[in-house]
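Both complexes shown next keep chain A, but they swap its partner, so chain B is in the first and chain C is in the second.
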Partner chain A sequence: MNITVAGEKKDVKEGLTVTELIASENVETPQYVTVSVNEEFVESGEFDTTVLKEGDVVEFLYFMGGGR
Partner chain B sequence: MAFTNEQLERYSRHIILKEIGAKGQKKLLNGKVLIIGAGGLGAPAALYLAAAGVGTIGIVDADVVDLSNLQRQVIHTTNDIGKRKVESARETMNAINPDVKVNTYHEFVASDNIMDLIKDYDFILDGTDNFPAKFLINDACVMAKKPLSHAGIIRFKGQLTTIIPGEGPCYRCIFKNPPPKDAVPTCKQAGVIGAMGGVIGSLQAMEAVKYLTGVGDLLVGYLLTYDALKMEFHKIKLPARGEGCAVCSDHPTITELIDYEQPACELKAH
Partner chain C sequence: MTVTINKNDYERILAHARENLPEEACGLIAGIDREDGVREIKKVYLLTNIDHTNEHFSIDPKDQLASIKDMRAEGLKPLGNWHSHPESPSRPSEEDKRLANDSNASYLILSLEEADNPVLNAFHVESVNGEKTVRKEELTII
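Showing the complex of A and B:
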């Protein structure tokens, strides 16, 4: 099935969970990433049980603490 | 307030823009922006806002200029090493534009001073380098209903969003709490490419100018990310203001400012 991850179209297996996507995308510090699917935040406790569907738009939002 | 001949000349490239014009330039001259952190983000933002003729610019920083700052903090020069950053920044801003009134605050923001610092300003620009400060600034701006440009940079990446309390999501809607100390690297630990502050800090200045003049669409409800290695910008549409947000929802659970623990290594040198 096709989904969009951080603006890029990807062909992924059916039934992929957010947790599996985080692993396959090599997300840095995965325990602190914020995830949105179709412009809704997914609670981190629900990454395991959130199954992605055809056409889903997934974004990863990262902590960036620098500035000075 | 009529423009002097010198002002007409100085701001001619603004005044000729149909979106800005003489009216917009007057709004800038009457505008008040507070920049928190006179570093990688704050330095370019302060330079552009001073050059643009933002009438009152406050700058907050408790540090002195260090040699390791000069790779990116372009408002300070080698001769400024050892000088208070706010003083060095004020001198450069006034050298560029004597029209600008620069208020300096040689202190770090904390729960006991931030409300007083932000109260007289129209727009707040976060150029700090740590999560406790970023959460504190967000919460204070939500409570005081002050527009805020939030940004962060690390290595070859940067991001920013504009927060207008009540109109769109806040920083805490995206990130509920600061990460534990040292869980996410800082620029001091991980490095940052100097021009990143220039890119993201200039975008923050752009948002301040747009807010003051009322021109265009602000980054409210979006997080704009920039990856210099891929040379890609990505504009992420954020979920609507969270009903469950601890600070900006209609029924907040955070109603007092919090001083999170500051990593010790951050206090010594930036």
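Showing the complex of A and C:
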């Protein structure tokens, strides 16, 4: 099936979960990444059970912060 | 890596940072990575520091997502972020390094330590063998 990940179209297997996508995309420091699917945020505790569907649009958002 | 930012966008960042004193100000940068190796910032996003302190900043993920949606619509790529240091130099602090987790990003830091002499630098941060390493990028205001 086809999904869009960080602006790029990808052909991925049916039934792919967010956790599997994070692994296959080699996301750096996934503990600092927020995931949105079709502009809805996915709770980190639901990455394992969130199954992606044809046409989904996924963004990985790195936590952006810092201090002096 | 050479990074360019146009004067108008630089001045928008500077104005936003000054308006938010004494708090740190922050935002995102977007643009293109040219074939000649130059990273060209074509748009800056002036966002809210949800920590509202002079010691720390966090960008609201909702603002981040809205900005990324705008970048996609304009054919731009997320290139990293910027933030101000109201009272310290333009270099990544230990906390900045700890929270810099995207090795593809450029991290711009604007120091307002000297009110009449703002300093903007760009940095690349990546994790090597568990240690964060920082490299200053060449930044040109055009």
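Here, the second predicted complex is superposed on the first by the 65 of 68 C-alpha atoms of A that agree within 3 Å, B and C clash if a C-alpha of one lies under 4 Å from a C-alpha of the other, contacts with A are read in each partner's own complex, and residues count from 1 in each chain.
Heads up, the rule we're going with is that a contact is a pair of C-beta atoms (placed from the backbone, for glycine too) under 8 Å apart; a residue touches a chain by one contact, two chains touch by 3 or more.
Because the structure is a prediction, the values reported are computed rather than measured.
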| item | value |
| --- | --- |
| Fit or clash - chain C, chain B, common chain A | clash |
| First (chain B), second (chain C), both or neither touched by A:E25 | neither |
| Partner chain(s) touched by A:E59 [first = chain B, second = chain C, both, neither] | both |
| Which superposed partner A:R68 touches (first chain B, second chain C, both, neither) | both |
| Interface residues of chain A shared between complexes with chain B and chain C | 7, 29, 32, 34, 36, 39, 41, 59, 61-68 |
| Chain B residues within the chain A interface of the complex | 37-42, 61, 63, 73, 126-131, 134, 151-154, 157-159, 173-175, 179, 183-187, 190, 192, 197, 223, 232, 234, 236-239, 242, 270 |
| Chain C-facing residues of chain A, complex | 7, 28-29, 32-34, 36, 39, 41, 59, 61-68 |
| Touch list for chain C against partner chain A, complex | 24, 26, 28, 51, 54-59, 61, 64-65, 68-69, 72, 77, 81, 83, 85-88, 92-93, 95-96, 99-103, 105, 127 |
| In the complex with chain B, residue positions of chain A that touch it | 6-7, 29, 31-32, 34, 36, 39-41, 59, 61-68 |
